[in-house]
Amino acid sequence: MLFKIGSLLMTPAARYGLLALAILFPFLASNEYQVYVMASAFVWAIAVYGLNIITGFCGQLNLAHGGFFAIGAYTLGLLTADHGWSFWPAFLAALLMTAALGFLVGVVSLRLKEHYFAIFTLCVGFIIYLLIDKWEELTHGPIGVRDIAAPYGFGLVDFTETTPFYYLVLAFLVLAIWFMGRLSRSLLGRTFIAIRNGDELAESLGINLMRNKVLAFVLSTTYAGLAGALYAGMVRFIGPEEANITHTFDMITYLLVGGIGTITGPLLGTVGIVWITQSLQFLEEYRMIIFGPLLVVLVIFFPRGITGQFLSWMHHKAQAMQPRHKARASKVTAPQEARNNA
Amino acid sequence: MNLFFQQIINGLTLGSIYGLVALGLTLVYGILHIPNFAHGALYMVGAFMSYFFMVDLGVHYWLAMAGSAAVVAILGVLCERLVFHPLRHSPPIHDKIAAIGILLFLEALVQMFWGSDFRRMSSPFTGIMNFDGLIIPEQRLLIIAGAFTLVFALQMFLRKTMTGATIIAMAQSREGAFLVGIDANRVAMMTFAISGALAAIAATLYAPINLVYPAMGHLVIMKAFVIIILGGMGSIPGAIAGGMIIGFAEAFGGFYISTAYKDIIAFGLLVLILSVRPQGLFAKGAH
Amino acid sequence: MLKVEHLTKMFGGLAAVNDVSVVFEAGKINAIIGPNGAGKSTFFNLISGMHQPTSGRILLDGVDVTRLRCDKVAQLGVGRTFQTTNLFEQATVLDNLIVGHRLRTKSGLWDVLVNSKRLQAEEKASRDKAREALDFVGLSHVENQYIADITQEQRKRVAFALALATDPKIVLLDEPAAGVNPEETEGFAALMKKMVANGLTVCLIEHKMDMIMSLADKIMVLDHGEKIAEGTPEQVRSNPLVIEAYLGSDEDVAA
């Protein structure tokens, strides 16, 4: 029975069902605040998908991810608030900025292996925070940036309203997931996974390490920039705290809980934890008393999170139900996503 | 000229603290190949423990330091047993994430008990020594002397005792140490204990001229990482030399260039050095 | 096929490989043996481009590959396996193998975005190639099993298949039969013979002497980074230098 529900969840129909649910959410929600919370969860989910590309697929723990989120937010914020740009051009500039900076940081940092890369990006994240906090002429320092433009709807919709903005974010989220799914199934995604399995092996398979790692890194920072820009357009007021390392740690938690290296994981983890934190208000400040040990337990016992655990379980069910000698022809038995993930 | 000497004293003070923290980090890295992101949290817990012993229990500074070192040493051992030991065969990304989990937990825990306010911790050494216009607060002198004593004691321990020798043996070759019958678990626990105690002592030494708050470990741990990369990860002399380099760079950079950006100096240095030499300043060959 | 001239690699003052010259002929099984620490793995790393030699030249079919990066060398037709191979445990055997043919494909980010014809064709080609390699190593029946669920011996065969999926001309096998039982060892020997029969050149490092002696066409013996002997199994077996090298290091050449 459970297995049937499980396989249903992985069918395209279930995905459209989820999408329909997301579209209907503003009508199901009991108040506007819930829509707002969901929109912000989606914004974070987009950033977590970015982290999933470089860390989940490519296996490089990037601790500057929150920094790039902040760069996206600040690029949009400063261009619209201080330089009179309107939203969409500034939005595009935010994407280009995070991609370009991602390229520069990537070229330097990705020559470093494993621990060195993690430590280096930790420092890069901190440099970003310090620059935002101290470079007052550019960023207003600790005061932050006010009066950030909201996206304009070309006279059709008003994105300063919560519900239209929710749909805007949902559209970008769907786009982000769609690309992620396509990437993971493609030869390019498989290349990233080969790098995660090990640099030496990947190189011996003729894979250009630097080119592929930098590409994965730029993709991930662009996702972070996209999320950051949407965030700035949503809250309209940002400060140096957006670059705080705790955001990166939050995103790692979302990714780990949902399932690192999977397609649905980042969404499940982010939306799940954001709502749990919301509904248990007392958790807000001390949430890490629970999430800290949770991270430890996850990496020890369930390193692939909810989704990964579920997929393994599904796979074994499918294998068990299939007579052994037929396994070769059993294309349909492997759950859709299990194949997509590889 | 006096101002210049003043900066030397500042550099020595900072370098001593950074060196002690980096020493613990590099020991753990050398033996277990774990970049312990939670090390800064251990440092922070060390400061709060001393604060607790002194302010809430009214214990003397030295006793508080010893108590804090003991508590954090045990905490370090617990981390090793409960978290890093079960993860020893996992992909390297896992123990980094687990270390981050420990860091988040400890910070939230301390914040729950003490709040996120900035606190002052006093020490009995509040006097100021004046050498012909060159002013040195006693606490700074204590930091420098304390750090040198500890480093010397650690060297003695590693070179002259059996336990120390096993730690060095294991740092050089984990498999080799296993073959000659060294109890790897015991060495790992011992290393974490030493590393935690060093962090707690450093925090207790530094707290009286600084502030105590839950996020106080962030900057320190990041700088300690910069230091052990500069000095070669796992290298003990490298950690001390690296600590001094960063301490002096900050003291002089903060004074002659800009106070606002002094914290960036260490990271700027790291970016610069790793861009040119990905294996660090003193490391030989590929890592 | 593969010609190595005066190859030397220094690691901080120590010569891991010292002035080694050798020719590996096409369509043969070439073995490299030697005591532990003789520089065998370093020699492989030099050929495959993972390390840069201090001096000397490496020619692959007359093309100088001495200074090429690892991935370029692989593209020119040098496949290799490692003593341990990390694979994606929670993915199927086939999924793990598809990337093996990546180096023969060109699709980039743009192809992924628009799902181009080229990408589709290349993905199909890679999948077919993976199946072909899997069939070659005799593992078609586990194609849909997770790596985590297959045996140690099957893992080793998957590693072989991964190297084969790169369309190599020569394969470097690092201790292919380490940690497998005698019966399985025979299976690997048969597999190597099959590779050669299919036009590949095989070059392996191995400790199992009985296997080497019956399998190899040519053996090179390294000791302390230097080539001390070279020739057919018979020639090597009776070489006094070889006997001494092995007696001096607790290993038995006849074992």
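First chain written, first letter: the chains are A, B and C, and each begins at residue 1.
Heads up, the rule we're going with is that a residue touches a chain if its C-beta (ideal position, glycine included) is under 8 Å from a C-beta of that chain, and two chains touch if they have at least 3 such contacts.
As the structure is a computational prediction, the values presented were derived from the model and not from experiment.
Ranked by how close its C-alpha mean sits to the mean of all protein C-alpha atoms, the top chain is A.
Among the remaining chains, C is positioned farthest from chain B, on the basis of C-alpha centroids. Note: centroid distance chain B to chain C, computed from Cα atoms, is 45 Å.
With centres taken as mean Cα positions, chain C sits 39 Å from chain A.
If you average the Cα atoms of chain A and of chain B, the two centres end up 33 Å apart. Listed in rising order, the residues of chain A touching chain B in the complex are 55, 59, 61, 108-109, 111-116, 118-120, 122-124, 126-127, 130-131, 134, 245, 249, 252, 256, 285-289, 291-296, 299-300, 303.
Those residues of chain A whose C-beta lies close enough to touch chain C in the complex are 179, 182-183, 186-191, 193-194, 196-198, 200-201, 203-209, 215, 219, 304, 308, 311-312, 315-316, 319, 324-325, 327-328, 330-331, 333-334, 338-339, 341-342. Partner chain A is touched in their complex by these residues of chain B: 29, 33, 35, 37, 82-83, 86-87, 90-98, 100-109, 111-112, 218-219, 222, 225-226, 229, 233, 260-261, 263-264, 267-268, 270-271, 274-275, 278, 287.
Residues of chain C that touch chain A in their complex: 48-50, 69-72, 74-75, 79-80, 82, 85-88, 90-92, 95-96, 98-100, 102-103, 105, 107-109, 111-113, 115, 119, 122-123, 126, 140-146, 149, 162-163, 166.
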